[in-house]
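Structures follow.
Look at the two complexes coming up: subunit A is in both, with subunit B in one and subunit C in the other.
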Partner chain A sequence: MRNLLFFIFGTIVLASCTTDGEILGKMNDFDQGPMLQNIGNELILPVYQNLSTSTQELKNSVEILVEAPTLESLEQARTRLKQARLDWQYCSPYQFGPAETYALSAVLNIYPIDVNQIERNLSEETYDLNTLSNSDARGFQTLGYFLHQPDLTDEELLAALTGTKTDYMLAVATQIASTSLSVYTAWSSEGGNYLGTFTSEDAFGVNVGSSVGKLVNAMNQDFERNTRDGKIGIPAGVRSLGEPILTATEAYYADYSVELFEASISAYHQLYTGGSDVGLDDYLKAIQATTTSNEELAEKIDKQFETIKMVSLSDPLTTQITNDIDPVLEVFAEMQRLIVMFKTDMASSMGVVITYQDNDGD
Partner chain B sequence: MVTSLNQQIIKDRLIYRKVTIAPLVTFRVLFGLLMFLSTVRFWSKGWIYDLYVAPQVFFPFISGLKPLSETGMYLIFAGLLITSLAITLGLAYRLSTTLFFLLFTYVELLDKTNYLNHYYFVSLISFLMCWLPAHRDFSLDIKYGWTKPLRQVPIGLINVLRFQMGVLYFFAGLAKMNSTWLLEAQPLKMWLSSNVYKPLIGWMFQYKLTAYAFSWFGMIYDTTIPFFLSWNKTRVIAYFFVVAFHMMTWWLFPIGMFPFIMIVITTIFFRPVFHQKILTHLKRLLRWRDDKSADEASVTPALKWVFSLFIILQLITPLRFLAYPGELFWTEQGYRFSWRVMLMEKAGQATFYVSDKDSERRTMVANYDYLTPQQEKMMATQPDMLVQYAEFLEGEFLNKGMKDPVITADVYVTLNGQPSKRYIDPDVDLTEVTNDWRHKEWILSNE
Partner chain C sequence: MNIIKGINVLFFAALAISFLSCNDSEDPEVALDVPETYSFSRNGESSVSYSGQTARLDMLAELKAYIGTAHNGAELSEATLLDMFANENNPFSTTTLNESGKQLESKTFLADVDFFKNILISAAEASIATEPAVQGQAGLINRGADRFILVDEKGWEYTQLVEKGLMGATFLHQIFNVYLTDAKIGNNVENTELSEGKNYTAMEHHWDEAFGYWGVNPEFDEEGENRFWGNYTYGREAYLGSAAILKEAFLKGRTAIVSRAYDIRDEQRDVIYEQFELIAAATAIHYINEGLSDISNGDIGNLFHHASEGYGFAMALKYNPYKKITSEQIDSILNEGLGTDGDFWTITAESLNSAKITLVTAYPELAEFADDL
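So, the complex of A and B:
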């Protein structure tokens, strides 16, 4: 009885000292289940399915081009390549689990490519695209290298598509399609059912190995390296004393780099808002009570996405960089602000562990 | 006269009174085994490679200290395995303890990224072990006749270990006496709320009151447990709390071997006769025959000096933060080596810029080109590591042909769920600042 009184007294004293309004309340009512279900079923699975379909169509279109090199089949292959690249942007934030196992990102979207290595492969006629030495001689950009040659007219380009080149293109397209299919199959419930793992109760929480932990770490890493640096920063010369490196642009041989970049931003925005259902923003708002100002944070991040989208860039990005670099640097700076919010405020208030190792948190 | 008599009694009870050597012997056996298991675990997780071979950059505690080659590092850990077993067996004890202490401490000094309070604790304990005669019974050294057994030791030799445990707990508790921990229950609110999915009692973690209860209990537990463990009447119940507390932390947080180390070696607080009983059982089990001859142990002047100095340092070190201006958790000046365990949630993002002096053109550094994710995370919130990274970058860019690299950093840090703020002066050239124990004026305040 005395202990109980002491406990009640203690609680009252504490409640009067603390700045915490409702000390007897809940920290949050958030259930990760629906969020993971939504992100897994409505965002991740469909985008991998799209990628799998569009890379298969890309492969088919390359086959048709190889068999019948006409202006139409060339145009068709180019369209398919662009579609596959656009679909890829929506998969890029999810490079964990099966995508990591199959090194999807490294197979599909490496740029800049090593043109010398490609030419060496063409002249030697024996190559294995899976080896390390060919890691910069495959993927979308390599197909782009064959399908878009600004110095050649389309007729000249078609005429130059000899047997070794067409074999190479087919090998690259086949690798892209089969790797994409493998990742989709591994996610789908009829295949490896990684979706089940991702949404299972065992993977709730935020520790190493939890779904939220993997998701947040993967998106932070991809956004920083690929969206901020790869698509914008490196071509604009941010990492080379302001000297632009135009050849490092994504889709350098084509002319839709900005379109790909915009798709990437909207992919991230979609992940953040959860599309039409529960997303990371709702998670942040729900854990408001455990931190100081998550309500604001959730809105701040949303606004930051809008700010990034407001900056207008136009294709081709190389021309934009050469003629008017300021908006490019501006969009870079805005992405930098977004990364601070992702990596500090968001990761911290969710308690996501940014590491693979035990530590005692000090 | 009375006080000097009292002093005499206190001195006798704390230092000189002779008790059985058994507590030191069981401590030796257990500590060696724990270290052996910890090293096996560390090795099997591939951390030797991940932490000491793979990284390109290191953040040593002592400037210039570097890891050995890959083979060298594996040999060091092999050395830890061998010496920890030798400690348990009491084989070439003085040599094994000294080597273990040196090897272990060397590894810990290599990279601040991997600093953990419990590694520091292991270094300290193994240092003390070098000086303690824990091999003078039930050891291979005795069996081979390399040294004579001791039946009894002055209790001071056991108390110095108890003191070390006590210091750890007490200062850990003291550190929790701050308004964020007690009045806002942060960061436990953030940490516990993500444990709501745990089985059985997970539901508790959706309530704020749980976070408050854990915060207050943690503070009271840490500050008082050394005293309750020291007192005969409360020891059993106190040890029950030790086990419960550490199992709870193990279940809730990713903290590796630490809980088990604490649970096992807190037994040093048990009465010497208890250890003697255990030791007698062990001896019977292994058919150990006691030698008739025995030495007398005493507290030599050398020991007195070493332990006195040790104790003074242990009392001062955790308080050195008082000498620095600003908020300790924010600046982290005087934060390490002070038993501040699981105390704050901090995250940061540091972007480094390099330009040649007198040049307008600057370049941004991609941290991921040089650092592991863990190094990047640790570096972003700890000022001395920011400077060390800038030193590394200076070398890189000198090699690339810059004449006088100017290195600045945009750093944003969030502490205990507050919105992130700018952490250091973005204009200060980090290659020009001193990085020692003096106050770093370029850290911005957390106001």
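So, the complex of A and C:
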């Protein structure tokens, strides 16, 4: 027995030097099928369907606004924009497969936008929103920029909606809607049926390219870059020696960044629990995953979500940062703790290798 | 269940041990064989690479030169200026730079990106001004008898604010807050396996990239090509001796990484933070001294030129996460010493002297030669 343990011990030591997840993979006694079915059918497909619907409605509302610029149509477009952005939060964790193919996240939600680039496009009147150099001159925040002008009254804003601006808004809204639809179609079984790929037995396991491997990598990357850094850390100055960058908030023009952030946390919690069925928490329980200090991981993560949700932030986030930054930094720190659980404890318990890297080299 | 738990405990114990065994972090008691030039090799081939840094130095040189054409009356294009900052739409003179995939903007201190973009936009607007500069109005102003510089409504000379400013916000920031951090050269960074297709480990490469932003030639020849911080390091060498100290620190730290003598690496890293901060502070004082002599000569153009350089160097201090100077002190230098809210038209000998005193208070080691710098 002692020899056997020693042997296992030695093998693991060797394995960890070669980043081979195979041995850990064998420790997994969890049937991934029902979880992938649940996450694919009950979470991912519906959220992309919602996004596809709400971005189509957003586009319609912009069309109506352009044709008949009234206070009502302006309000309607603002409401639709907000709904689409809230729906996007639930898709953001799933930026793999079709979403990656269509660069969905880069089309919809790069911020802060480059106002100067937008103005340049407007004055030149020839622009291609599909180019990389326009990735910060399109998407939700660009529509937010046109629909929410803090210096203008609503009447003034409507009066300033000239032909070039309305063309631009329409082009942005159309691009958002069509890209969202493409991703939804690619997932749906009537379309590209990526759902079938995602849930197929061939994609079971934890190797690079497996569904769980893709999911765990995508959610970690998105949570780290967008939820922790993009929504909270960067605006609060965590990446700039404590100097806040208010212009970097997600809904800088529309002033509901905290609401978007809260939706993002809910989306992650939903993914984690699997909604009303099998989720990542069940996976962790089944393999009896523990933290380095031997606590039950599933429970600990659940508690950590509650801790994050307990921190109260108010919109506008810019005012919250300026007047009372402590809760903002607190929520950042709590998310940091959650990332350790996701990225280190959960991924290694499952045997998933984190393959993405931060991209600030060279 | 207990067995599985037991295995997990074992696994983590094993993992902990394996980290140690993969990353021999114990310092060997060997004397380091430190070279005299910045050349390191493995299997007969150089293991040093910092072409991305060199590309960015080249970009800043071209950007500055382009803005400088406005001193002779050329009109600047806002689009070109912003393109040069972001390396978009082939703004540079060589395809090598245009297609390098490198750029300045994405490496600039995040909170100051807009500050620099606004300066660039302002430069384009100012370049079409037909009236000379006066307080509150951008335009050309005489510098000395026979040349002009383009300044903004506060008297900031665009070329200098952009060049010295980005030396801090991009180059120093990258050294301080990226390449010399634990995330890039700490003990958990790969230093055994070579990076894919490369002749260096990740840790070695990150150290080299920090070195690349210094801008000295790898032979450390004072007469050779020394750019940006390299140039200013030698500029204050007689007083600070920083070029010699930094040379040793970079060489020794790099050697220590190869030998996995991580305590030595960390000591050298501390030296690098300290020296760059000191160079920035001493150079800021140097330009304050120049400004004082401009005032006594009644030469406003030169005063603005030197104040612009001083502003950039004083601003650079803020990027050191371990800085000795406080944010309040930096603020008082920038917004009082160099004129009210940085309006150079309101600079006085008194305000410059108070800025100098603030710097000397923060860096007492500069006191004995502060008036000579």
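Convention: the second predicted complex is superposed on the first by the 319 of 362 C-alpha atoms of A that agree within 3 Å, B and C clash if a C-alpha of one lies under 4 Å from a C-alpha of the other, contacts with A are read in each partner's own complex, and residues count from 1 in each chain.
One rule holds in what follows: a contact is a pair of C-beta atoms (placed from the backbone, for glycine too) under 8 Å apart; a residue touches a chain by one contact, two chains touch by 3 or more.
Quick caveat: nothing in here was measured; it's all calculated off a predicted structure.
K.L.:
Based on the superposed arrangement, let me know which partner A:P46 touches: subunit B (first), subunit C (second), both, or neither?
P.N.:
After superposing on A, A:P46 lies clear of both subunit B and subunit C.
K.L.:
Where does A:P150 make contact in the superposed view: on subunit B (first), on subunit C (second), on both, or on neither?
P.N.:
neither
K.L.:
Answer with first, second, both or neither: which of subunit B and subunit C does A:L241 touch in the superposed model?
P.N.:
both
K.L.:
For A:R120, is the partner it touches subunit B (first), subunit C (second), both, or none of the two (neither)?
P.N.:
Touch partner of A:R120: subunit C, not subunit B.
K.L.:
With the two complexes superposed on chain A, say which partner A:G205 touches: subunit B (first), subunit C (second), both, or neither.
P.N.:
Only subunit B; A:G205 stays clear of subunit C.
K.L.:
Which partner, once the models are overlaid, touches more of subunit A's residues, subunit C or subunit B?
P.N.:
The partner that reaches more residues of subunit A in the superposed model: B.
K.L.:
State whether A:S133 touches subunit B only (first), subunit C only (second), both chains, or neither.
P.N.:
After superposition on chain A, A:S133 lies in contact with subunit C alone.
K.L.:
With the two structures laid over each other on chain A, which partner does A:M341 touch: subunit B (first), subunit C (second), both, or neither?
P.N.:
A:M341: touches subunit B, not subunit C.
K.L.:
Output the subunit A positions appearing in both contact lists, the one against subunit B and the one against subunit C.
P.N.:
Shared contact residues on subunit A (touching subunit B in one complex, subunit C in the other): 17, 24, 27, 239-241, 243, 287, 289-290, 292, 348-349, 358, 360, 362.
K.L.:
In their shared complex, at which residues does subunit C touch subunit A?
P.N.:
Against subunit A, the touching part of subunit C is residues 1, 4-5, 7-15, 17-19, 21-22, 52, 78-79, 82, 86, 88-89, 102, 107, 109-112, 114, 117, 121, 177-178, 183, 209, 318-319, 321.
K.L.:
If we count contacts the way the header does, which residues on subunit B are in touch with subunit A in the complex?
P.N.:
Within the complex, subunit B contacts subunit A at residues 45, 47, 50-51, 115-118, 183-185, 189-195, 197-198, 205-209, 211-212, 216, 253-256, 258, 340-349, 351, 355, 361-366, 368, 373-374, 377, 410, 412-414, 417-420.
K.L.:
Can you tell me which positions in subunit A touch subunit B when the two form their complex?
P.N.:
10-11, 14, 17-20, 22-29, 32, 201, 204-208, 217, 221, 224-225, 229, 233, 238-243, 287, 289-293, 296-297, 336, 339-341, 343-345, 347-351, 353-362
K.L.:
Show me the residue ranges of subunit A that touch subunit C in the complex, using the header's touch definition.
P.N.:
Contacts found on subunit A: 5, 8-9, 12-13, 16-17, 24, 27, 116-117, 120, 133, 234, 237, 239-241, 243-245, 247-248, 287-290, 292, 294, 348-349, 358, 360, 362.
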